[in-house]
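Next come two complexes, and both contain chain A; in the first it sits with chain B, in the second with chain C.
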Partner chain A sequence: MKATAAPLDATLTVDASRRADGLATAGPRGRKPLTWKKRSTPWVYMAPAMFVLLLMTVAPAIFIFYSAFRNDKILGGVGKFVGLDNFITAVTNASVQHAFLITFGFVAVAVILEMILGFALALPLAAQTRANKVGAALMLLPFAVTPAVAAMVFKQLLNPNYGWLGYYLGVFGFPKGVDLLGDPTSAWIVLVILDMWQWTPFIALILMAGLQSLPGEPREAAMVDGATPWQMFRHITFPAMVPFIAIAAVLRTIQAFKTFDSFKILTGGGPGESTEIINLGIFRVGLQSFNVGLACALGVVFLIILSLLIPFMLRIIGRRADPEEM
Partner chain B sequence: MIRSLDRVKRSRIVAGLGAALTVTLLATACTGGSSAPSAAAAKPAELRMLYTTDEANSAAVASLVPQFKEKFGIDLKIDNQPYDALQQKVFSEFASSSSYYDIVVVDTPWAPALVQNLEPLSQYLENGALNPDGPQSNVGDFIPKVFYDTAVYNVDSPIKRYPDPTAKPDASAIKNAGFDVYGMPVQSNVAVMAYRSDLFNDPAQKANFKAKYGKDLTVPKTWDDYAQVAEFFTQPDKKLYGTTVMAGVGDWATDDFKTLLASQGGDGTLADQNGKPTFDTPEGVQALDYYAKLAQSGHVPPGSTSADWGTTAESFGSGLTAMTINYHDLKLGDNVKGGTIGYAPVPIAKAAGPHFGTWMLSVNKNSKNKEWAYQAVSWLTAAEQQTTMTAKSLHPSRTSVFASIKSDNPLAPFYHTLGKSLAEGVGRARLTNYTELSHEVAVAVNKAATGASSPSDALKSASDKVSALLKSAGY
Partner chain C sequence: MTTTSSTSRGGTVARVIIGRTFLWAWLLVGLVPLLFMFITSIKPAGIANQIPPAWIFQPTLDNYASVLSAGGGKSESFGQLLTNSAIVSLGATALAIVVGVPAAYALTMRDFRARKGLSSWILSTYMFPPIVAVIPVFVFAGKLGLMDTYPALIIPYAAFNLPIVVWILRSSILQLPYEIQEAAMVDGASTGNVLRRIIWPLLVPSVATAAVLTIVLSWNEFLFALSLTRSGAKTAPVGLQQFTGMYGTDWGNITAAATLIVAPILVLMVVLRRQMVAGLTFGAVK
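Moving on, here comes the complex of A and B:
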């Protein structure tokens, strides 16, 4: 890699210096350097989209940061700058701390389980047979279902009086009428299972695509050398898959932090406050009580934590993804 | 030269912007203020109303649209939104000072925060030309407690309540007391008890009850009787339970607790007019203790500690329970052969105080058609229209409408109970952040119901949290 990188760098340096000197005669491969007008054309085409993007993302972000330092009322009245008050409330309130803690716990458990199960599903499905193609298509169904609808269906299935789950548990000798959502532990298990049902196929499909793109030669060589299936998985397949695992883990982690519907519909944060993840809290504070300053502060704290977490995760997994560090 | 030209252009732009701003502000002042209403206001082609869905019987109001067009020659366009979306829509409409909707439906817990954005109606009520169907749109006909709890506010201090909530409503008296009218009650919800009258009238059940408890089986009037009857009917092997509780985390759990607290003689509003919580009291502990015991008794269906008002209606409707407490009339499913429903006020301990809360139709302060919007609100909530809407199960808010319901009306027993209960109802504390209070109380109720916390500990914890929330909100 390093041997090819050097000439490329050199070419770029030469190009840059030529432009700086005004020697816009010909490029290294005989192409004429672009004029300013031509260089700016793509920017002109992109400008409307970038403007919309700025308007839709950067402007609200700035407003959220601004509001987080104020106690403005949504329906008028005089708001004022309150410094770090909202942030102090956000980080010192015991309920908020609990909400952050369980959010991270949920994401960690759900993502780890989904990664393991997703990999386990991807391995057999990677072989391009007709049955596997049907299997892969079926796997699309759970994450094609709207999360709110999935949660509503789960709620009906879990109904201790009429739900299928209670009925079949009874058939197999388990106690009848168990209210799984009425106990913190079982409510958490249900929430994680729903998340796994919905999102494991997403992981499996990413990893399946990764497995299908791996070169076959190293495995063939290992087979010739008499490697066992476990040795091939441990020393060839898994290391080659690490970049795909990293992508799947990061995407799913980001997505898992945004989970809302299933908690809102299945438990509403209960029993007690045991499943009140931070997104439910922000919804309640911001969109039901309209305490905009505190909701924005909660959002900013959440954003900061995530901003620190994702690069950290990428560094850990990314280092593993570098073949020279394996 | 270029700089000076720029300066000239810039000053012109600034002047132009200033003029535009002035015009906009003046226009806003003209449309957003509370100038005297006139019967001669230009008639719009259309009035827009933001309304809810099933929570306030949208079908009933929608059924009047053709008659409205016939009466006023104006199209009434109704936008319906489910509860959460409606709340966000209502608040965002007012936050942006939008004039799009002329009429907005307001639920009681939102009113203290919204009142400054609602058009005060006393000046309209006192304008004879705007009230062809009766002086002051017959506000004296509204059930006093409902009217004062729903629509009468002091805009400078929304936490305050009208001093005499039993007085016959009168716009002038309300104004003289420093209050005003901010809407017309349209759908009055109150906790009522529904019971399976076929079971209560069954001779075999009556005999069994007498043999077991030594007294007649009657519809319970006290909470002790209620628990006993619930125990009697509970037969899990036959998929029958005595009653329901709505102990899932949500406003419904708070409402259940409110009713019990008021019936124990406590302050069912949950906070006083000084912004102090009033539920961590001996009456509160008694109320929650009773509720927790009922929830854990096995006499309510499994899943009651995560149930809401929809779940309990479903449980009763499917024949799973013999009694329930809810806010509307109920129906039994086809599977409940021979089942009939009776209604009665919720039981009491020391006093009556069922939880109530009413939706009102209010005029948007920013509307450009306020006179016509007022007339529409007045017409939609008039006795004649409310009577018509009872065919679609609307919950009336006028005394005369309840009195006019005849015994051959299939919902007569429900309406009789509804009217009686509304006259005794207890509303919510008037706080701009009532939702937060309600959440903390609901968590406490749920914790006590699941046995995760003792009633006294749960209430103490909730009261501390509510005190902090109220303090941070400026109370």
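Moving on, here comes the complex of A and C:
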């Protein structure tokens, strides 16, 4: 390896001291302190990534915390400090409360249904047969579809005049020309079904990988002892699957809170405001009505709520994904 | 193996059959929207939204030709939008990899005491909702004159994919035997040389996985593209929405455009199925 004399010297000193003390990291008293260069190297390597991440997460967070206390409009020039007004509006406004409520409702219903169905699909899919290889590939197809495209295609399938769904339901005697997106309840059901169509495969594939990684011995031992299939599932398969279920649930919950495309395209929040989840609400208030202050106040509240998921993210995903912890 | 071994018991046969029936019913019903999209896209003009749906017709590529040529008297053809999508996705991927590889390496350095905390911080930014970032980015992009330009999308997309990229690469580096690095350092290699000559060649497969994931997720993005572009950098998923106005909802054209958006992603995802799922779980599921 080519290296100039000076850095070579520096690295050698550090390495010699490290070797003398075994592989432990530097730190305890009495050891030669790391050179400044050595200490700053990782920060130099981190800097570009940290800059990009700070620019797109921490900086926007600071901006919304600042703007939430002001009444700036994007087009109307500079506003002024208005104290907690935006937060008071955010908390007391009935349509905002509705938006938060239906966001939670949507996330809860979609994630729970997707988890149950995903598990039901993963069980037969985990058997490593040739047919299942095809099955797993087919399973992924809806998941691979661009969400905005999926919503557009669903919208056409549901078109009251020309849609396939209406026509073929009509063939089986259902009323024709029903606009499923025109009624709050059926619009909700459609949005949940679209979400399930796209995301259940993701959960099924995670749980399938989990099932395939389980050791066979406990099941075989239980079978020899005469356990029923339900007992085996209840006491062996399910407990071993808990970490995978947790991973799928946490990831899916975080993603579900970010849902935007399908609502925007399929219903646009309508009919009325019946499907205006908070993501759509912030978009409308901030980028269509240009009420930046209120949108930022909503963003602050939403960000705080989502931050509550960080510990689960770190414990369930982070620890398991980290080779240092295993 | 897990399922087949239990078929020896009488009662479980029914259970297995029910399970498999459900699985294949789900798979087939799930294909209907894709089937609708593709079949409509190859129907000749005039019968695309005919009711009852036509099943026997002369397939044609007319819709694709009409979508890709600059149509409707508007400034940009759908081909241009697909090009924009590709530029933005590849740009975001390049940026994410260029800043992500050194960061991932730093996070595996044993002398780096902040590595645990920083790894956790990077992972937790995955929670950050894009809707919260879009308004500040909209305001700043406006002030910096970056509205409707490629960087206005490339930087956010790279940032939102960095948690996945860094975690995939970090875990791959940690799985390499540390002795290789150590041996090189004893021989006097600098950290930069270790990264370039020792780690990078071994890291290429993981970089490929991270890159494909970033391409796919950037290609699919809608919120930022909708908010920050007008015409110059407009991406294909946003352009698709305007087909209804531009062409008076020509079902043939809109489904052809939809197929063009989806097809490349579908191929990548199906080929790299396992890596995609592993990557999207940050490597928590192999």
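The rule is simple: the second predicted complex is superposed on the first by the 265 of 326 C-alpha atoms of A that agree within 3 Å, B and C clash if a C-alpha of one lies under 4 Å from a C-alpha of the other, contacts with A are read in each partner's own complex, and residues count from 1 in each chain.
FYI, contacts are C-beta pairs under 8 Å (C-beta built on N, C-alpha and C of every residue); 3 or more make two chains touch, one makes a residue touch a chain.
Predicted model only: the values in this text are computed from it and were never measured.
Touch criterion met: A:T267 reaches chain B, while chain C stays clear of it. Greater residue coverage of chain A by touch, when chain B is weighed against chain C, goes to C.
Touch criterion met: A:I247 reaches chain C, while chain B stays clear of it. Within the superposed three-chain model, A:L287 lies in touch with chain B and with chain C [touch as defined at top]. Looking at the shared chain after the overlay, A:L303 reaches chain C, while chain B stays out of its contact range. In the superposed model, A:P60 lies in contact with chain C only, and not with chain B. Of the two partner chains placed by superposition, chain B and chain C are both touched by A:Y162.
Judged by the touch definition given at the top, the superposed model places A:G79 against neither chain B nor chain C. In the superposed pair of complexes, A:V178 makes contact with chain B only, with no contact to chain C. Residue overlap on chain A between its contacts with chain B in one complex and with chain C in the other: 74, 159, 161-162, 287. By the touch rule above, chain A contacts chain C in their complex via residues 1, 3, 7-8, 11-12, 14-15, 19, 23, 25-27, 34, 38-39, 41-43, 45-46, 48-53, 55-57, 59-61, 63-64, 67, 74, 117, 120-121, 123-129, 135-150, 152-154, 156-157, 159, 161-162, 164, 167, 197, 200-202, 205-206, 209-214, 216, 219-220, 223, 229, 232, 237, 244, 247, 251, 254, 257-258, 260-261, 264-265, 278-279, 282-283, 286-287, 292, 295-296, 299, 302-303, 306-307, 309-310, 313-314, 316-318, 320-324. On chain B, the positions that touch chain A within their shared complex are 84, 87-88, 91, 94-95, 113-114, 116-117, 236, 239, 248-250, 301-306, 315, 318, 320, 433, 435-436, 439, 443, 446-447, 450, 452-453, 465, 472. Touching chain B in their complex are the following residues of chain A: 74-77, 89, 95, 159-162, 166, 177-179, 181-184, 267-273, 284-285, 287-291. Looking at the complex, you find that chain C touches chain A at residues 1-6, 9, 11-12, 15-16, 19-20, 22-24, 26-27, 30-34, 36-37, 40, 49-53, 95, 98-100, 102-103, 105-107, 109-115, 118-120, 122-140, 142, 155-156, 158-160, 162, 166-167, 171, 174-175, 178, 182, 184-191, 193, 197, 216, 219-220, 222-223, 226-227, 237-238, 240-241, 251, 254-255, 258, 261-262, 265-266, 268-270, 273-274, 276-278, 280-286.
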